[in-house]
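Below, chain A partners chain B and then partners chain C, in two separate complexes.
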Partner chain A sequence: MATLIAPTLPKRNRPKRNRPNGALKPARGIRSPLGGPGINLLYVPALLLFAVFTIYPLLNGIALSFTNWNGYSLERAGVGFDNYVRLFQDDTFRLVLVNTFIYGIGSTIIQQILGLGLALALDRRMRGLNAARAIIYLPVLVSPVVMGTMYYLLFQYNNGAFNDIVTGLGGEKVAWLANADASIAIIVAVNSLQFVGISMIIYLAGLQSIPQMYYEASTVDGASPVQQFRYISLPLLQPAFATSIVLNLIGGLKLFDVIQVLTGGGPGYATNSVSTLIGVAYFDNQSAGYASGMGVVLFLIIVVFTLALNTLLNRRRLEQQ
Partner chain B sequence: MTVIAPRPPVVAGSEGDNSRHGETDAPGRAGRGPSRWLIGAGLLVIVFLQLLPFYVALTTALKERTDLSSQWVFPIADIFFGNFATAIESGNILRAIGNSVIVTVVSTVLVCVLGALAGYPLARRRSVLNTGVSLLNIGLIMIPPLSILVPLYTLLNQMGAVNTYWGVILVMVTAQLPLAIFLYTAFMRSLPISVEEAATMDGASRLQILFRVVFPMLKPVTATVVILTGVAVWNEFALSGYILTAPEMQTIAPAIASFFSVQSNNLPAAAAASLMAVLPVLVAYLFLQKFFIKGLVTGAEK
Partner chain C sequence: MKSRVLLLAAASVAAAALLVSASGCSAGSGSDSGSIEFQTFASVDSKLMSTIEEVTARFEEENPDIDLKLVASSNNYEADIKVRLASGNIPDIFGTHGWSLQRYSEFLEPLQDEPWAKNFNPVLDSAMKNDTGEFFAFPVDTDVAGIIYNGDVLDAAGVDPAEITTWEAFEKAADAVKANGITPISVSGKAGGPSGNIADWLAAGAYDESQLAELEAGTFVDEPYSEVLTKIADWREAEYFNPDYSSATSDDMTRALSDGQAAFEFSQNSRVNDALQYNPDANIGFMPVPSMTTDAPYLIGGEMNAYGISKTSKHLEDAKTFIAFLAEPENATALAEAAGNLPGMTNATADLGPLQESFDTYVGSGEYPLMPYFDRVYLPNGMWNTMVTTADSVITGQSDVDQAVGQMASDFKSLAAQDK
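What follows is the complex of A and B.
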């Protein structure tokens, strides 16, 4: 709430700050370096864009979710909460909801473990480690569509690199992407590996902001490396944890591109996330009202997770101070 | 940002036992003995996994479709470039790269200009209204793009913006602008106001102050915004995949996706197309690595 009180302070200060210049400014017709509220006009273009392309669609989407609109006809009728009732009775949607949480939470867990591990391994002076950092980070910059296409090659049935290993070890070829469970695991793994560089860099920055003398002092006191990690690194990495977890979780919950390329949501609907299913419901099934309802649910999921995590992680940070 | 600061090279000949070499290493961070080898092996596995998709795409793209040798084998003796020709001819990949350049450059310029303009009053003029605008702006960062797919597509359709540059550019700008405004506002708050006050005393007008005094100071944050926006727009697929369906209008990500789904029986060509899509990003990354990592981390940590 501090942010709501703060704005009054500069206002009170402003006359004080400007008084010494008072003699000059009225002559120029300017009250302060910024002048009057007219300066706010500078954010009007941005607000117009938000109003037209985000806020209006958001509100209109909520309105559409209470109709049976098919997406193109001029007619639509209000159906109350029918779409939402249908959503939660729809087995496909329930499955897809579970998938969405698996993508979000699974990726977040893998990325934290791997990202922190990599940061710990790379946080020292050694030849070749700069190159390792650069390589691990590289996929972050590549379009997930392209990464998905490349990984598809690896998981091909005939002649795929992974099936080569399986047959080389004397096994039978595996139809990786025809199996729903395997596909979900592959999607989580591909997404985690692609963006692990972000977690790694956040944790590296966190580790390097910890003063070296803490480690030196604790070594003198006879602390083991494990104890140092537990009682120095971990608590002081709290802000890095918060940033990385929120970022990865939101990224995973709205996962779209990799699924679209690797499995197209299949087999059947088995690997869809809410994001990919919205397009299917809208364009393929012509249920725009129903798809709007899914959009509202997706929006609420992200809002609830973000707010809950921010509250939780900030409270933990406060407790430790 | 010390993460990517160049490190002095380790003295040659010390690889055998350099666990004690880096005196600055925290004892808690560096393993010793067997655990050291384990960490090294783990690192190698991850580096290998990160390179593997690129390597396999390369070996696949450089072989003829009828070549059924293992993906692991690099075709040293007979490199075949026909797949790149197929990707260019039937996949429209060069046209798609051109479209991506247009959309990315225009969107990025607009995001920087509109973001810097909007950030200025939010940084310098504190009022209840402006606090509200800032909070709204942060809230907008959260909205998942596909949650508004139906109403947004409907709107674009009514405006005649589907399959147009301006339609996709306006959507990209709107999606990237909240983060840019946030970064510009935070940066401008950290600038001393005394410079602007001095300029006022020298008789500069409000707009002169903005364009001649404030904007030139924004280079560091602009570098961050350019990289964040540029990478995001270049790679964007979730919305542009639906907005750009006509082959001659598609940017690179939708083009790859549709080429891939049409040519799923011609994977070497899909691999070639993917590599061509990666190349511009790869070249930029090689030359501007420091800016890239720094920019993306700044964006992430805010």
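What follows is the complex of A and C.
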């Protein structure tokens, strides 16, 4: 998960942490295990887990991307940068890369607009407020596979709810998932609607951390609600924007489950994301080395996007401060 | 302080590396427990699975010292097995789903010297034996497939399946079926396989001997494959495929065939058992596949349900004893009947129910050659998915024929290079 970079003072300008007069020095026996160097031992379990489940697979994946391993055989050979050269000559990978950006950026834009709108609508005293917030957040708790299956049942040709409505209104059944563009739009919509609750919660927290006195003072000065939103809420929501955008973007770029359940990447390769294509290349095409190369490229894309966004959004926040 | 933290971090990473490598060592091949793990490649509610359970129960009664743990197939059987192989945690016995020779032989115990091997059906030699006569799995059945049809639908359209010996005749029959408001060809786009079957069935009769030799030598010959995909594109234009293709599951296509909502299906005969579960009265049969290059229709065949033993199994001898039990005529017959196909052993017989007539007509007569699955023999490992995807993209109109053939050629080249 990305973290925001907070501005820090140069070391020489930092205030010294003086113990107040009369304050007791912690007893040695207590300080040693918890306050002294011994406290570092508490990092060990987390570092171990991080090393086993993140660092090792990452390094192993990078190493695999330089081999021709088929994913199960006892034999593999080094192929240098061949997998990366193949990636950049592969039309399917280019198509899928574009899809991945559509899923990432499209979902992020929709989630910011809807999430902020919902947060503004629910940032007030009203009856049923908690229920409304819970209902909007609830889909986040549902597995994307379950969510995808529910939407599949809505969009399927025979017995699908949407086609029942269409035929009920006298129209012809539509093969919603047979068209690549329509399928991509459906996937973006399903992903956005499922996770809009996360954006809503982040913006809601951001709105509630803005001191009320700013709004009161601006009301006295005659500011309209739109002006209050433009000149108070928006600037002070910058940290919330940064968090929400980065989280949604990473989720969208890594999108897998919904695609797998709704379209299986089809028709053809047309709705695959890089994540689903990695699965296809690894297990179906038996090109684990090539799939690992795709994984490394996806990792780099996410790192670059996250760093660029963090830098951009933090710079804007500092400028406004 | 900083160096201490760095030291701790380094120690943690080293410990993690040790942990991972140690876990790699402990993941020895085969089951460490007293049970023999048997990955059956049979779905949990299938007739084959229940027959395996019955036969295994009898085996365990006769051999109380041997315990078997049966595992039904998941939807991702192939990926599951590959992960198990890659991790070194190989099941003691597993279903090889058509790939005992080309894909899994490096992991399997050769079985040609077992007492029951003398009854190995020679029809399977080309599909399951290597150049030195070794084979690596006990064959439950001999996969013989053609085009499955619903006889009542064809009757209603005035079509005699025995007269469909050319693609022109097939298309004429499809037009007659369509005129009755019935879908000519039922196929699932969601299942990720049935569209590839169509290409596989057609391709088996699209290449001549010299072109097949070129494929085997590692060069993709695109003209015949272009004809295969052009045929599929023509059928799309003629609206032969079910309109719910993209969202239809394999169950949907089988149900359509059994309920008389579709006339033809390009599938293995095991589908017929599934169809009869939906409608026990369905009049289902199969017919040979017309050729694109000659006037002689053919059948598709090879290995289907077969069980190999991991050569590193800790229960190697017990596993061989179990396989020998499965190979006994009574058990081999029961398993082949449950699979809905001809037995893989010559000393077994099988009552194939509604398919018996088709088997007698087309297989028993010996007039129709048994062609191997095109992708297994003539394409590099891993091309099956490309066959499925390119056929799918042509059926949906997502790609034109040239683009789809280009994709095939490109993946063929990459995967052939990887196989070297």
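Keep in mind that, in the parts below, the second predicted complex is superposed on the first by the 265 of 321 C-alpha atoms of A that agree within 3 Å, B and C clash if a C-alpha of one lies under 4 Å from a C-alpha of the other, contacts with A are read in each partner's own complex, and residues count from 1 in each chain.
Here is the rule we use: a residue touches a chain if its C-beta (ideal position, glycine included) is under 8 Å from a C-beta of that chain, and two chains touch if they have at least 3 such contacts.
Here the structure is a predicted model, which is why all the values come from computation and not from measurement.
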For A:N285, using the defined touch cut-off, is the partner it touches chain B, chain C, both, or neither? Pick first, second, both or neither.
second
Would you sort A:K254 into first (chain B), second (chain C), both or neither based on which partner it touches?
first
Tell me the contact category for A:L47 with respect to chain B and chain C: first, second, both or neither.
both
After lining up the shared chain so the two structures overlap, which partner does A:T306 touch, if you call chain B first and chain C second: first, second, both or neither?
first
Check the residue A:N70 against both partner chains and state whether it touches chain B (first), chain C (second), both, or neither.
second
Let me test your reading of the model: by the given contact rule, A:P37 touches which partner, first (chain B), second (chain C), both or neither?
both
So in the superposed three-chain picture, is A:L122 touching just chain B, just chain C, both, or none of them (first/second/both/neither)?
first
Would you sort A:G160 into first (chain B), second (chain C), both or neither based on which partner it touches?
both
For the overlaid complexes, name the partner, chain B or chain C, with more touching residues on chain A.
B
Pick one for A:G268: touches chain B only (first), chain C only (second), both, or neither.
second
Jot down the residues of chain A that show up as touching in both complexes, chain B in one and chain C in the other.
37, 40, 43, 47, 52, 56, 71, 152, 156, 160, 264, 283, 288
Along chain C, where are the residues that touch chain A in the complex?
1, 4-5, 8-9, 11-13, 15-17, 19-20, 76, 78-79, 81-83, 85-86, 106-107, 189-190, 192, 243-248, 252, 381-386, 389-390, 392-393, 395-399, 404, 407, 410-411, 414-415, 417-418
Chain A to chain C touching residues, read off their complex:
37, 40-41, 43-44, 47-48, 51-52, 55-56, 68, 70-74, 86, 90-92, 152, 155-158, 160, 173, 175-178, 180, 263-264, 266-270, 280, 283-290
Which of the residues in chain B come into contact with chain A in the complex?
1-4, 6-10, 15, 18, 22, 24-31, 39, 42-43, 46-47, 49-54, 56-57, 60, 68, 70-72, 114-115, 117-118, 120-122, 124-131, 133, 135-137, 140, 142-155, 170-171, 173-174, 177-178, 181, 193, 196-197, 199-201, 203, 205-206, 209-210, 231, 234-235, 237-238, 241-242, 252-254, 256-257, 260-261, 267, 270-271, 273-274, 277-278, 281-282, 285, 289, 292-293, 296-297, 300-301
Considering only the defined contacts, which chain A positions touch chain B in the complex?
3-4, 6-7, 9-11, 17, 21, 24-25, 28, 30, 32-35, 37, 39-40, 42-43, 45-47, 49-50, 52-54, 56-58, 60-61, 64, 71, 114, 117-118, 120-127, 129-130, 132-147, 149-154, 156, 159-161, 164, 193, 196, 198, 201-202, 204-205, 207-208, 212, 215, 218-219, 223, 225-229, 232-233, 243, 247, 250, 253-254, 256-257, 260-261, 264, 274-275, 278-279, 282-283, 288, 291-292, 295-296, 298-299, 302-303, 306
